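For reference, chains read A, B, C, D and E in written order, and residue numbers begin at 1 within each chain.
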Amino acid sequence: MTSFRLEKKNLLDINNIEVIYDHVILVLKGISLQVAEGDIVALLGANGAGKTTTLKAVSNLLQSERGDVTKGFIEYRNVRIDKLTPWALVKKGVIQVMEGRHCFPHLTVEENLLTGAYTRSSGRKVIRQDLEKVYSYFPRLKDRKGSQAGYTSGGEQQMTAIGRALMANPSMILLDEPSMGLAPQLVDEIFEIVKSLNQNEGVSFLLAEQNTNVALRYADYGYILENGRIVMDGSAAELSDNSDVKEFYLGLSTAGRKSYRDGKHYRRRKRWLA
Amino acid sequence: MEFFLEVLIGGLLAGVMYSLVALGFVLIYKASGVFNFAQGAMVFFAALTFVGAQEKLGLSLWAALAFSLLLMILLGVLTEKIVLRPLVNQPPISLFMVTIGLTFFVEGLAQLMWGTKVYPLELGIPDEPVATTIESLGLSATNLPTVLQEINSFDLIAAIVAGVLVAGLAIFFQITKIGRALRAVADDHQAALSIGIPLKSIWAIVWSVAGFVALVAGLMWGARNGVQFALTFVALKALPVLILGGFDSVMGAIVGGLIIGALEKLAEVYIGPFFGGGIEIWFAYVAALLFLLIRPEGLFGDKQIDRV
Amino acid sequence: MFYRESGQLKTSYQEDQALLSITQDRIGLLLILIGAFVLIPLLASDYWFTAILIPFLVFSLAALGLNLLTGYAGQLSLGTAAFMAVGAFAAYNFELRVPGLPVLVSFILAGITTAIVGIAFGIPSLRIRGFYLAVATLAAQFFIPWLLVKVGWFTNYSSSGVITTQPVEIFGYVFDSPVERYLLVLAIVSVLALLAKNLVRSNIGRAWMAVRDMDVAAEVIGIKIMRTKLIAFGVSSFYCGVAGALYAYVYLGSVEPDGFNLDLSFRILFMVIIGGIGSIMGSFFGAAFITLLPIFLDIIINDGAALLNLKLAAGITSVMQLLVFGGLIIFFLIVEPLGLARLWQITKEKLRLWPFPH
Amino acid sequence: MTENILNVNKVSLSFGGVAALKNVSFQVEEHKILAIIGPNGAGKSSLLNVVNGVYKPQKGQVIFKGKTWKNVVPYEAARSGIARTFQNIALFKGMSVLDNILTGRNLKMRAGLLSQAIYLGKCQREETNHRKAVEQIIDFLQIQHIRKTPVGRLPYGLQKRVELARALAAEPELLLLDEPMAGMNVEEKEDMSRFILDVNEEYGTSVILIEHDMGVVMDISDKVVVLDYGKKIGEGTPEEIRNNQEVIDAYLGVAR
Amino acid sequence: SESPNTDSVVQDTDASDTQFFGVAGYRVGPYGPNGAPVATGYLDYLQMLNERDGGINGVKLTWEECETEYNTSKGLECYERLKTRNPMGPTAIHPMSTGITYGLIDKVPVDQIPLITLGYGRTDASDGRVFPWVFPLLSNYWSLTSAIVRFIGKQEGGLDNLKGKKIVLLYHDSAYGKEPHQLLKAEAKNFSFDLSMIPVPHPGNEQQSQWLRIKKEKPDWVIVWGWGVSTATSIKTAKKVGFPREKMVGNWWSGAEVDTLAAGKGASEGYYAATLNLAGDHYPVIEDIKEHVYDKGNGGDESYIGTVLWNRGVAMAMLTTEAVRNAQAKYGNKPMSGRQVRWGIENLDLSQARLDSLGFGKMVPPIKVSCEDHEGSGLAGFQQWDGGKWVSVSDWIQGDSDLVRRQVEESAAKYAKEKNITPKCLGE
């Protein structure tokens, strides 16, 4: 089930990587995936499947968690990047939005956003413009720009984290659970932003997302992870049509959407892997 | 009254000397959220290198200065490379501990390189009342108030140096984006990495600057007491300053130093006799502690944020 | 292959909550205890008892005390030596002023006295946190020895401020020889370590860790922060106090307030951090590392030089010791920032998987 | 008619210039599930914080089980039967899952310090009994396999579940849940919903739930309160809310 | 510059027929600068004896140095280690620190190792009937205190002139600093001078407030009872507040080159200090050391030679080896046991003539030890810093030996009672 999208150039190529935490905990057991230039690729899977770990392997943040890529390699624009430092990657245009917000609590919202532009050498004016752009995406942030990020609400922090990454003017964003904690309206807006960045500025996305519904609506391609392995991949449309995906990730049974009240207690779940 | 003023001014000036040392702590804390235990050892290392280079290598004062500065920068860069880099994103206590290991190492290294002797350190700054200095310049000091005439030239110059240093650092952090980045790093190493703040160079820079500050402090203190192992103890004088002013504030280091210096001296002179003296050793700490009960983050420190 | 828990099924929660639920661990501990109580007394020399084993045990106890406070309850303290001083001088005064008091009782009373002092100095922790608190605890570190020097009564007006401890006597039996003293310390330390282990695996221990990890959340689930922190200071100081009394009575025989200086406090903190913060066993590892390593380094460097017929410049050996010691601390922390105990745990986890890598 | 377990009465709260809550009132009936929804920064979490005493409102009262909170601190709230989970996970990172959940039973433990140190007898019995209770919760939430894992190593979703377990361990009468399903996929949300419903049905626990997934909110809550910019802009059954124009404008966007 | 030194290396002669010396010194840490010259001098002298005389009466000397860092628990470890290093153990030990001394006092009678504490340690141990194994040779703190008072009296033109004078004791705020209090108070009463005591908190690197107080009190004399960095700081701060250095007297741990040099150029001129031994390298014994040790490239740091503390190390070694020689006269020319050396020390009698023949001349005062008097001299010398070196400014001065003796016996008796010791002479 490899990619059929030969017509597009691979921007990011993850080749059969294995990740071990703390020298003993094997988390990724050989993962290969590709992100083509200008694509939005969704990484789906249950809690603990290894989505975040995959993203961190790319952005090289694993080292700081005592994790290690022990096998395989990762290429960006056909150049190995697994030995690069995170900031070298950011300079190359690859940036990650971390799961769980990770704002700088003592910095104000605006300072948080500005740190995002650290690697850029553009003048103040350009940065100012980008800042305004982020504010226009998230007007709520403009209201709160003077407060320390640590005191803002969960959603505000999420917006700050995303806005901060945008300030780096990246060409590829690794988005970890962008919709988490955001109001439904905003979820749509975020994905609209993703779409517009993708279409207007050619930014590619690799996004880990639990909100499969939305993710598949905006993504071009998707991979489903389970237990550190890829169990299925395909174009977004293919995946949306798959009956298993429908049932387990979209919450749609043949009878249409079912109520959360009707969930069964000890029901057997389908797993691709034994 | 005059005596009071003299004690007060003496205290303020002593406080400035504490600030010099405290500044080094502040820098590292700002850049990593870590209390750098090795700062005292760095002061010792810097001063010993400076005199050692003069005595053993026969360098001139300026050459020795350049040499020791170079060595401090090297030390900073190596510390980043060997010690800090593998410990990104580790709990502050681990980083704190590693600075303790560094302390032993630096102390050992300094003594290995330059021996364990005591050296005098001459900077050529007159150590005499201002009046005398002014007169030796051929000017008249008679219209200065006596209290001012009595101030020691050396202390005054130390104060000026500290002032310049503080102003310089404050401006540096204010106008360069490094200042903001530092605070970001101190808040969350990993997030800082994720948005491309180059921890490597930031830490190397900050440790080098801290090394420079240590050199300045080492020179000043060394000129006072001679260069010897006991220089590492000056760190103890800086700690109350640090908590009073706030761990992460350059301003705090100077203001805290002034307050602590003055309080300490006044207390020793006016309260000490009731306790048989020697209260200086704990007074600064107790005073700082009491203040912290009111403001747990010190005068200018960033408030700890806990929100659920 | 040998370190496996598979096949060891537990049939009750009680069993699962037992101190050592894996047979191999139980056997291991038994072996250690047999070694410590039987073999070592048979084999070791006086040098080993007085210069290595006794101080190792005493420091382990102090480190254990600090670990309860810093490792479990998350309150960084730099005043350990001062609390040890309280313990030492309290025991001395109890013995002095209550004739015939069994020394064990004095030790316990000293512990309790220290606990009270510790609680008093713990009060600021309710407002002050982290490194601020650590520096603030230095107030205790400087104030207590100052007070002990200043107030002659504490030292029984000894002109030099030095006290010489009374004989270690329990019901007429005097612990005199190094072996006896070693066994006495060993027994006390074993019992206290067991009690500490019990504490940290029951409710109070969990409350400590909760406060350490996130105090707001702890309060929200119904943990009284103030009480928890003060108990931590109290219990920790109790341990440090007893350690201080042992330090004076069993190890040195005579102490002065200035002996309980900042250096000692730091040394004990190093033990906690190197050994493993938040680990009872780690306290022992740390004490071993910090007390034994310099001695071995000294001997190795000296004898090594002699063997190689090297003429080392005077003082070089001492300096080399510092260098290597600092270097090793850095090395170990880079390998494992959570200390030797964690390193040990990882080794065990690997053993469990062995011969498979994961 | 059922009693109100909680009455929030004209509560206002502001931080410096930011008004987080403006004159908000609502009630929670016993045994019911109340959902609070609203845009980001509307004041939902702050409202929970007021209910369990983390924040003190400048105006208004909170009446719990007929008693008015006066200067309540979180500890007392916990003692009188309120447990909660947090939006930004607030687990005890250094402890295992089991220990985390056991801390939830802290209020019910009686053994003294000495007894805990000696551990034999009373303390051991107590530990075992509480362990049994906790194991039931573990079974119930299906987290047996991670019992002894340090929580720091768990994926986000599971941490949320452990947090719920910790709250349940206190056997609360009122459970406050701040976005318990954030970061979960549909399947996991189904499970979580099931758990919440079961707690509510089996133990009669009242629940206040903050959640952004409208599907969940509409399906499992008995009543919905909508906040916007600190003001209550709507209240009613899920059906009523779904059709409330003001709510649609402020929060839901296109009605779905 | 530093040339290699075999200090730390065990000599490789057959251990059983050598005389083994354990050296617990400190060369690193805050007091390293003070400790290094002492240890160097000690070892240089032993080495010289081996080279020049083949040891003592044909018995080769061996030694091992152990670093204590001036830290009590390290010192105890050193002691225990040195004990195991030779079948006979170290035949006398200089712990070089008061803390370590106290730690060893109860141990040495059991191990039968004489403890020599030259000018430090436990003062009342001068009563050999209570402390048969401890020897505060030459002089103790109380004799020193009394001698300092006499020296000041002399400067003032007679002890009577002390009346109404104001003297400040500036002391390191520790057990060590408290040593002179009792005696000084007694002397103040005797001579009706005005005494005030001002503590300097450890480590003493900041003394502004102390000196402002002194400046305000305008004393006639300041006695400096400092240690390590605190002495240099005292001198420096005195200069700063304009207090004349010629009105300051340090004790013998506050009067070495390390102190005056560290205070910086022009700060220490005129400063007085007591001493156990005189500085200078013009003694024949030093010529011998240079010839037999340094010229063969075996010595320590050459710049130490002739300094106060290096000379003190040499003197310490001489007193120890002379005790061995003394014991050999009684027990035969073979390695002496600790017990035999103890006898040797207790019966040590070095007249000026003997000192001259040893090449020490006036470097140390004559000494005659006895069971009652483990001090043996009670004399103190006084030197003044002339900007480049220490210059002797008086003969050996004896304090009020009756007063000192009374207090020693009183204190020793109290200790004996506490410890259930029946005071008696040990004899052989």
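We adopt the following convention: a residue touches a chain if its C-beta (ideal position, glycine included) is under 8 Å from a C-beta of that chain, and two chains touch if they have at least 3 such contacts.
As the structure is a prediction and not an experimental result, all values here were calculated from the model.
Going by the touch criterion stated earlier, list every chain that contacts chain B and also contacts chain C.
A, D, E
Among the remaining chains, which ones contact both chain A and chain B?
Chains that touch both chain A and chain B, as defined above, are C, D.
In terms of Cα-based centroids, which chain occupies the most central position?
Most central by this criterion: C.
Measuring between Cα centroids, what's the chain most distant from chain D?
E
Please indicate which chain is farthest from chain A, where distance is taken between mean Cα coordinates of the chains.
E
What is the distance, in whole Å, between the centres of chain C and chain D, each centre taken as the mean of its C-alpha atoms?
41
How many angstrom lie between the CA centroids of chain A and chain E, rounded to a whole number?
73
For chain A and chain D, let me know how many angstrom lie between their CA-based centres, rounded off.
So the centroids are 28 Å from each other.
Taking each residue of chain E in turn, which ones touch at least two of the other chains?
Touching at least two other chains: 2, 27-28, 32, 36, 173, 201-202, 301.
What positions in chain D touch 2 or more of the other chains?
Residues 45, 54, 86-88, 90.
Which chain C residues reach two or more other chains?
Correct list: 146, 216-217, 220, 315-316, 319, 321-322.
Hey, which chains are touching each other here?
A-B, A-C, A-D, B-C, B-D, B-E, C-D, C-E
Going by the contact rule set out above, which residues of chain A touch chain D in the complex?
21, 25, 44-49, 52, 99-101, 140, 144, 147, 151-156, 158-159, 177, 180-188, 210-213, 248-251, 257, 259-261, 263-265, 269
Would you pull the chain B residues touching chain A in the complex into a rising list?
88-89, 177, 180-181, 183-184, 186-200, 302, 305, 307
Contact residues on chain B for chain E in the complex?
3, 6-7, 10-11, 14, 17, 56, 107-108, 111, 115-122, 127, 129, 152, 154, 221, 223-234, 236-237, 264-265, 268-269, 272, 276-281
Name, in rising order, each residue of chain E that touches chain C in their complex.
Touch list, chain E to chain C: 2-10, 12, 26-28, 32, 36, 39-40, 43, 64-67, 69, 71-74, 76-77, 79-81, 83-84, 98-99, 102-103, 105-107, 122-123, 173-176, 178-179, 181-182, 201-202, 300-301, 411, 415, 418-419.
Name, in rising order, each residue of chain D that touches chain C in their complex.
Contact set of chain D toward chain C: 52, 54, 73-75, 77-79, 83-84, 86, 90-95, 99, 102-104, 106-107, 109, 111, 113, 116-119, 123-124, 127-128, 131-132, 135, 166-167, 170.
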